[in-house]
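Every chain is named by a letter (A, B, C and D) in the order it is written, and numbering of its residues begins at 1.
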Amino acid sequence: MRILYFGWVRSKIGTGTQDIEVPNAAKNVRDLINHLSSLDNTYEQVFRDLTVIRVAVNQEMADMETLIEDAKEIALFPPMTGG
Amino acid sequence: MIRVQEEDFDAGKEIRALTRGKKRIGGVASFIGLVRESTNNETISSLTLEHYPGMTEKILEQIEKDARERWSLHEVLVIHRIGRMEPGEQIVLVVTTSAHREAALKSCQFLIDKLKTGAPFWKQEDTPKGSHWVTERPDDINASERWDTETKAECARFNHGSGDLTKAS
Amino acid sequence: MIRVQEEDFDAGKEIRALTRGKKRIGGVASFIGLVRESTNNETISSLTLEHYPGMTEKILEQIEKDARERWSLHEVLVIHRIGRMEPGEQIVLVVTTSAHREAALKSCQFLIDKLKTGAPFWKQEDTPKGSHWVTERPDDINASERWDTETKAECARFNHGSGDLTKAS
Amino acid sequence: MRILYFGWVRSKIGTGTQDIEVPNAAKNVRDLINHLSSLDNTYEQVFRDLTVIRVAVNQEMADMETLIEDAKEIALFPPMTGG
């Protein structure tokens, strides 16, 4: 599965794109994030406070409970600051 | 119409192109966002904007669609720049056109309010003390959310010339 | 700044001149009013605007002053044309600039709302059936009067960066 | 005293500027208009309905009760339609 990072999430993780094998047990975004946090201390730090993390699944805004079964692309990022 | 680009834009040229020969337009509202030289008493040497290619365009098109459902609009243009910009440079242009001024002005404000916190852009500011990512402003969240509590009936009050618009080709 | 003139204007050029080098401006709002080809299902062949020289400038300056009391604004420009204009031509330009978008957008709407019914201009429309003087629209009266009932405290809510502005030279 | 007319008031009266001798008894704008209306049928018709007449004294918005003693310039016109 393709995971994208933007903003300070990207800065801290050190890359904007990763292709990751997601375990079958990871049903929703929260499960995916828990899986990432279990892999590496950096993820654990970035995703410690999920209130500052926004998520898009297949380029549509989603939340931690959104199912990821049909996801091709999941993006994790801070609140948006355009304009 | 939505454009996400690195290049600067010429607001006057864009407005002329948008309105040329459209003699049913009575009002053109526009907003240009500029890089300021300081925020919160901190000097800004440059601003770098990153975005989520693909999703940005989808979201901006949806915001334009939402605006068109609320007001009777003729042409709509949003240009959002990405990449590195210096103080004084233009970041974003929103232009809305309608038979009457109220729809143009309100929808222009709606579009800029919505894209501030609803479109996948992230700003990084470079200052003499280093770079940092910009955090979202509570005022920007409020400005976006007030449109959701405002009923569409309220908007319809300002929504002149919809009869005319229906007849437009 | 107020200008009453027969000549057309270039909105992009005016905005550039107004903001050039002013790196404390974060938002530029503008409104352009155009001659429409029809109103109330009647074809307009041309529009002729007359005004009260001397008083027009005084009134527009007062409206600009009122706007500056309500919002923290940097540059303000109002250009109002007089004389004969054809459909598609520009009648009026209002540009407001501020540190933040809310003050710029609100004050732009304030200025156009106020000058519609409060500045001494009179429009005559030429149609295939003859010429007639335009009567004031109840919507325009309401749009102007709503600003008088809105308290200044309400405006102050949108009035960011006034501290910055005070420090401006 | 200089009297100015604009919009349809000017069209109907047929001129935009008049210098007029105002009788001393005319204290306010209403008196001035009554004087004009007494002079000529055209004025009487134009000023029959004062709800559609606006007035400026010395280039400041005024009303029918505004005193005209210090007036150099009085303008009579329909509601304004700018923008």
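The rule is simple: a residue touches a chain if its C-beta (ideal position, glycine included) is under 8 Å from a C-beta of that chain, and two chains touch if they have at least 3 such contacts.
The structure displayed is predicted, hence computed values, not measured ones.
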{"item": "Computed distance of Cα centres, subunit B from subunit A, in Å", "value": "28"}
{"item": "Rounded Å distance, subunit A centre to subunit D centre (Cα mean)", "value": "73"}
{"item": "Inter-chain centre distance, subunit A versus subunit C - centres from mean C-alpha coordinates, in Å", "value": "47"}
{"item": "Shared interface positions of subunit B, touching two or more other chains", "value": "33, 101, 112"}
{"item": "Shared-contact residues (touching 2 or more other chains) in subunit D", "value": "83"}
{"item": "Chain-level touch network, classified as line, ring, star, complete or other", "value": "line"}
{"item": "Set of all touching chain pairs, with the criterion as stated earlier", "value": "A-B, B-C, C-D"}
{"item": "Residues of subunit D defined as touching subunit C within the complex", "value": "4, 6-8, 10-11, 56, 59-60, 75, 77-83"}
{"item": "In the complex, subunit B residues that touch subunit A", "value": "33, 49-52, 54-55, 58, 80, 91-92, 112, 115-124, 133-136, 140"}
{"item": "In the complex with subunit B, residue positions of subunit C that touch it", "value": "10-13, 15-16, 19-38, 87-88, 99, 101-102, 104-105, 108-109, 112, 139, 143, 160"}
